[in-house]
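Labels A, B, C and D are assigned to the chains in the order they are written; within every chain, residues are numbered from 1.
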Amino acid sequence: MAVDDVIDALSEGRDARVELYKELHRSPELSMAEYGTADRIEQELTRLGLEPVRIGETGVLAIIDNGEGPVVAMRADIDGLPVAEASGADYASTATAVLDGETVPTMHACGHDVHIVSLLGAIEALLARGDAWSGTFVAVFQPGEETAEGARSMVAAGLVDAMPQPDVFLGQHVMPTIPLGTVAARSGPFMSAAASIRITVHGRGTHGSMPDAGIDPIVLASSIVLRLQTIVAREIAPSQTAVVTVGSIRAGSKSNIIPDSATLLVNTRAFDADVAAHLHSAIERIVRAECAASRSPKEPEIEYYDHFPLTVNDEAVTEKVRRSFDEHFGEHHVPVGAMAGSEDFSILPAAFNAPSCFWVLGGFADPATAPGNHSPAFLPELESLDVGARAILVASAPWLMRS
Amino acid sequence: MAVDDVIDALSEGRDARVELYKELHRSPELSMAEYGTADRIEQELTRLGLEPVRIGETGVLAIIDNGEGPVVAMRADIDGLPVAEASGADYASTATAVLDGETVPTMHACGHDVHIVSLLGAIEALLARGDAWSGTFVAVFQPGEETAEGARSMVAAGLVDAMPQPDVFLGQHVMPTIPLGTVAARSGPFMSAAASIRITVHGRGTHGSMPDAGIDPIVLASSIVLRLQTIVAREIAPSQTAVVTVGSIRAGSKSNIIPDSATLLVNTRAFDADVAAHLHSAIERIVRAECAASRSPKEPEIEYYDHFPLTVNDEAVTEKVRRSFDEHFGEHHVPVGAMAGSEDFSILPAAFNAPSCFWVLGGFADPATAPGNHSPAFLPELESLDVGARAILVASAPWLMRS
Amino acid sequence: MAVDDVIDALSEGRDARVELYKELHRSPELSMAEYGTADRIEQELTRLGLEPVRIGETGVLAIIDNGEGPVVAMRADIDGLPVAEASGADYASTATAVLDGETVPTMHACGHDVHIVSLLGAIEALLARGDAWSGTFVAVFQPGEETAEGARSMVAAGLVDAMPQPDVFLGQHVMPTIPLGTVAARSGPFMSAAASIRITVHGRGTHGSMPDAGIDPIVLASSIVLRLQTIVAREIAPSQTAVVTVGSIRAGSKSNIIPDSATLLVNTRAFDADVAAHLHSAIERIVRAECAASRSPKEPEIEYYDHFPLTVNDEAVTEKVRRSFDEHFGEHHVPVGAMAGSEDFSILPAAFNAPSCFWVLGGFADPATAPGNHSPAFLPELESLDVGARAILVASAPWLMRS
Amino acid sequence: MAVDDVIDALSEGRDARVELYKELHRSPELSMAEYGTADRIEQELTRLGLEPVRIGETGVLAIIDNGEGPVVAMRADIDGLPVAEASGADYASTATAVLDGETVPTMHACGHDVHIVSLLGAIEALLARGDAWSGTFVAVFQPGEETAEGARSMVAAGLVDAMPQPDVFLGQHVMPTIPLGTVAARSGPFMSAAASIRITVHGRGTHGSMPDAGIDPIVLASSIVLRLQTIVAREIAPSQTAVVTVGSIRAGSKSNIIPDSATLLVNTRAFDADVAAHLHSAIERIVRAECAASRSPKEPEIEYYDHFPLTVNDEAVTEKVRRSFDEHFGEHHVPVGAMAGSEDFSILPAAFNAPSCFWVLGGFADPATAPGNHSPAFLPELESLDVGARAILVASAPWLMRS
């Protein structure tokens, strides 16, 4: 088949791509500040003969117009994380960045460098075998996935006008939960909606020996934490998947001073818009009621950030992709349930009202011992670079490949 | 009476002492780092003709041997606090210090500068009127009261061998709770025993979307906070005075990462040794049990610090002091209950097995509107410098003054 | 088809069956005390020419041996509930029974009377059209479903020896969640495993004004209730279906007496044996740890009762049943997810190591307004008697009906 | 002294009084239903030559007018409790009564039978030695102390018009906390103000497997219980004596049914009217806020009952009583702090605007092992009958006895 021809072409630039990957892995940049990474991607696309376009500050767009036929868009996210790498690789990151005024180490702890190089590999192969396919392939290198800002920022910066209307929008993520070499997709809700909420509740500070002279915000915050547990336990249908996590609680600095306020960082997950809405309304209800129970002197501050949409795979498109995976990956096309994580990918196809499919690929030999995403030890096998490129070609095949 | 003679002498150095007070107020130093303050005190004592001795790094001892008679020791604490002054005074502190690696503003927010200058005033007057009294007056300038380290450090540095055995050990504190110009003392338990406890409980970190893959230390810490409320509410006799305050809770930094551990800073107060012991055993019991409830993978760390003894005034000594206060302060000698705060003063008389009396003096015209100790607005009236000096002379009178 | 012949025969005894149903509905009996109900069933079976056998106190078995062929067993549960009927029907229950020494009203609030009469209808039709089918049909009238005692009791009383080895074991339940006239089944886990747990925790009683003289079991029990919420919220994978409900809490009787103990009744649900095991171990862990936090003077009592197994439908058998439903019910064969409720049905096929299928049938015209099972208003439409009988015949068809 | 004369007279009817005591102890009656007890008291007073008057249903008044002089009123409360006696005495109660429709055992578990017989003893002695004293002694046998109804009921029934204006109003209680033979009184707040509150919070019932379909009132009630602990722990000054006890929590009856509501019985104690008011306002605030946190569908019901006033002993009167105790009880007059219990006694003197004094007497040899008031084992030594009578005579002496 034609797609096999294109896949064969992957061997050509492989060694250079591994080097590029190591270079990227060494120098990750934080969300919405991927200036060097975007430059490097542009450089590479230019080297391959394309004319990349910056979309916003750090988004990059490249279009391969290869004659009549459908338009397939493929997105790769490109940002790193404020994590200190402990992978032990000789190409481990030594980079740092400034975050909220503090210098922090940075790391590609979520494999976005794999995504970049896989997409560049697919592009290289498509360019090398132009006769095997027909249509338009659009590569979208997206910044700021980790903070849910990047997809929105590319749309805001004019992505829709900068590229042809896609017939299908594709995306992928490397995962530790399925074995190296495998791919998996699922129709319908695939990755959860997520939101982060910064909640500050107010007490009234006083000396620790005179609690009656103040209002204790730590007792208040702790009551909120326990009450929040009842949302998933009591208010959401047991058959629904929903998560309310308090990831951070901070108040006070001395044992004998009751502080003025406490701050919680809360994260929610849901696979259904109504459930997500219920979670948020329940959180706000509980926060306000517990403030009343404590006679808090001031309204709580409740600020949403990092808002990820639900990732829902289009049924027809996903059926096509999965059939193509079956043909080319065989038993390496594995089943998968809904994933706990979240993505801002869906914002891109939504901007075009285009159907989409997002899949995952294995990055580690043994899921049982693989480190989780965002772990300091997260280091996918180099082989995943090829698997990622192949997956892009195979997923695109139903639209682009000559039979 | 003789003591009136000595009191009259206070007028002599008054203006210079006010200037010295403003100088000290401008340049507070943190506990156990009062190098400049101790130097300045020594300088002043030398100017008055005494031969001060350093006890440890920043403690200062001065002895006035004025012939036959009892030995009266008087302690003044000398350390400042990491508070940013907002008193509005033209002599407000602009000093900073390094605390745990961070640069912080410092402030005499607990009036220890008043204590220093009051004691220097009393010394100056005693020296000026040596014929009015007989015996030995020992001035103990003690560092590190705020952290409960200073009294212990002076004892460890040889205080007992450096001075004669006192017949009585005296101490005082300026307070916003009684009016300017008044003094107050109380026999028996006067200031509470206090302890601080740093408690770290362990969970197991994981991504916020997969709570089942970890153990949530924030839910654990919050459960502990709520359970700790039941100690005072249920386990201590309602007629007892006891406090358990969680002054700080800290865990995690991102909404979507469940952290590995949480740290609580807890403060306890009690006016009875059995009650204090019960508080501590109950806190430990609850922390360990809640860790078990959460299947915490690791023993909690429970570390005591800032351990203040109960301040108990000797009955006979206090009776003498109060009678002298009655005579000299009249209606400005006011009644007082047990105080919520804590002191490490008692460690000094305990080292000598000497009876002691600790009293308080008013620092502000109107207790109803006065700022609390440790408040950024804490600024006693300058008049309190004289009141403090007079209180020392009057309290010492039963032992030292010729009749 | 042959099964249509048999279904036609349902019209013959219909009016009498409606009367029988009303009679049963008027006189429900509690679990394991269904003496009158069992007698009435036996009477009816005898009237139809069968020779029913008592299995245990109140179980009834009837076998129709109709020549060569597979053995199909069908179970109907027969017990009522301690609920005061408020259905408004002229045949509403006025019966009472003695429960734990108290006289309580009883009601067929879960439709088991529908199950009895549906099975009798199917038997009547099978007997009337013996030439349309071949094989053995075994009717199992089971007591004590509501308390999870009945299936076990029939097995203990020798059910396995009293009937031939079944090729398939069938069961059904009338539900308000799908419309009247419809049936639904689902392969795999269909109804949850459930268990009830009676937990008594001990404090030490005292006068309410002297909490320190006792140990407060109400604070202890309340802490347990809140901590139990964290099991589903934090310890079980969000994608799993699990429930921990505290359905009853009881302690004390006077405001000013702290009682000696508190009793919780807890109910768990899970669709996975590991999840169920985790729920129970977590509940026990939390109860014991909270007792330790309260320094409870005595081990808690933790007693399991009403233990319902997971109801798992055999894949091959269910496929056959569903295909038969498709043919005969057409669009009235509706899809269904896993149900929240629980059943002790599975204990019967498990005793024979026989494959089984359990389905549901609609009892109310409009699921949106239908009362829930166990509600005082639960009154399925009379038409459901026929639907239930038809469902039994259709489900049995793949094994019994001549083609 | 004259009072010794009167005390001597106690020996005269002692044996008969012990028999009467045993008779009363065997047949206790519940609050406001002390018909038999009141009859028996009247009978005894009539036997002694007095003309007792019923005040209300079960209150009894007797006046000894013995010439010129002050009027001393002495109150004895007469009701028993719904407790099953387990004292082991041969005169243990075997009585029962109907309470809220249930038959319950009754017991003099708070020693009111001692109070009755002590007062009768004092009356007998006063009558026997009329020449030793002068003035008017008024005996008030009051029903319903346990439920705080009795004093109010006697006032409502016209007590003020039925007796002369007292110069002093006295009362006493037998206690296990001081040794047999001793008496104790204290000026100022002596017994706490108390109130009981019945709180019903509403959820929405549902099947236990579908928590999302309802609102869980048990989680709500448990949250309230834990939050109530923070009132004493955080909102009341540590030096204040305050108690908030949840003595009963009741909700639901089956493990698998989430009930509609939960009921708490709460009891408060305070020695200061402002503190009591704060307790009640904080309880209401917390209950309402927690209902909001649970989105309770209906306002909670909050009903106060059993409202006991603060028992405050008049300073001048108590000084007189204590001096008399010193003279006659010597070292058996012991010091005492404020007591945790509550009394409706104060309502009587308040009705007359008369000064009052309430004291306690020891009922058991060893306070360390004595059972608490309301305990099934509460059985004061018979000797306390005499101690109680003596205490009345001694306390009255400053007003009544000739010198």
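Following the convention adopted for this analysis, a contact is a pair of C-beta atoms (placed from the backbone, for glycine too) under 8 Å apart; a residue touches a chain by one contact, two chains touch by 3 or more.
Protein names from UniProt, one per chain: A, B, C, D = Amidohydrolase.
These figures come from a predicted structure and were not determined experimentally.
Common neighbours of subunit B (Amidohydrolase) and subunit C (Amidohydrolase) under the contact rule above are A, D.
Taking the CA centroid of subunit C (Amidohydrolase) as reference, the farthest chain centroid is that of B.
Chain geometry summary: the mean Cα position of subunit A (Amidohydrolase) and that of subunit D (Amidohydrolase) are 69 Å apart. Chain geometry summary: the mean Cα position of subunit A (Amidohydrolase) and that of subunit B (Amidohydrolase) are 53 Å apart.
Taking each chain's centre as the average of its CA atoms, subunit B (Amidohydrolase) and subunit D (Amidohydrolase) sit 45 Å apart.
Residue positions of subunit A (Amidohydrolase) touching 2 or more other chains: 209-211, 216, 219, 223, 226, 229-230, 233-234, 238, 243, 269, 340. Interface residues of subunit C (Amidohydrolase), counted against subunit D (Amidohydrolase) in their complex, comprise 192, 194, 196-198, 206-211, 213, 216, 218-219, 221-223, 225-226, 229, 243, 245-259, 262, 265-267, 269, 306, 340-342, 372-374. If you check the complex, the residues on subunit A (Amidohydrolase) that touch subunit C (Amidohydrolase) are 226, 229-234, 238-239, 241-244, 269, 337-338, 340. Looking at the complex, you find that subunit D (Amidohydrolase) touches subunit A (Amidohydrolase) at residues 209-212, 216, 219, 223, 226-227, 230, 233-238, 285-286, 288-290, 292-295.
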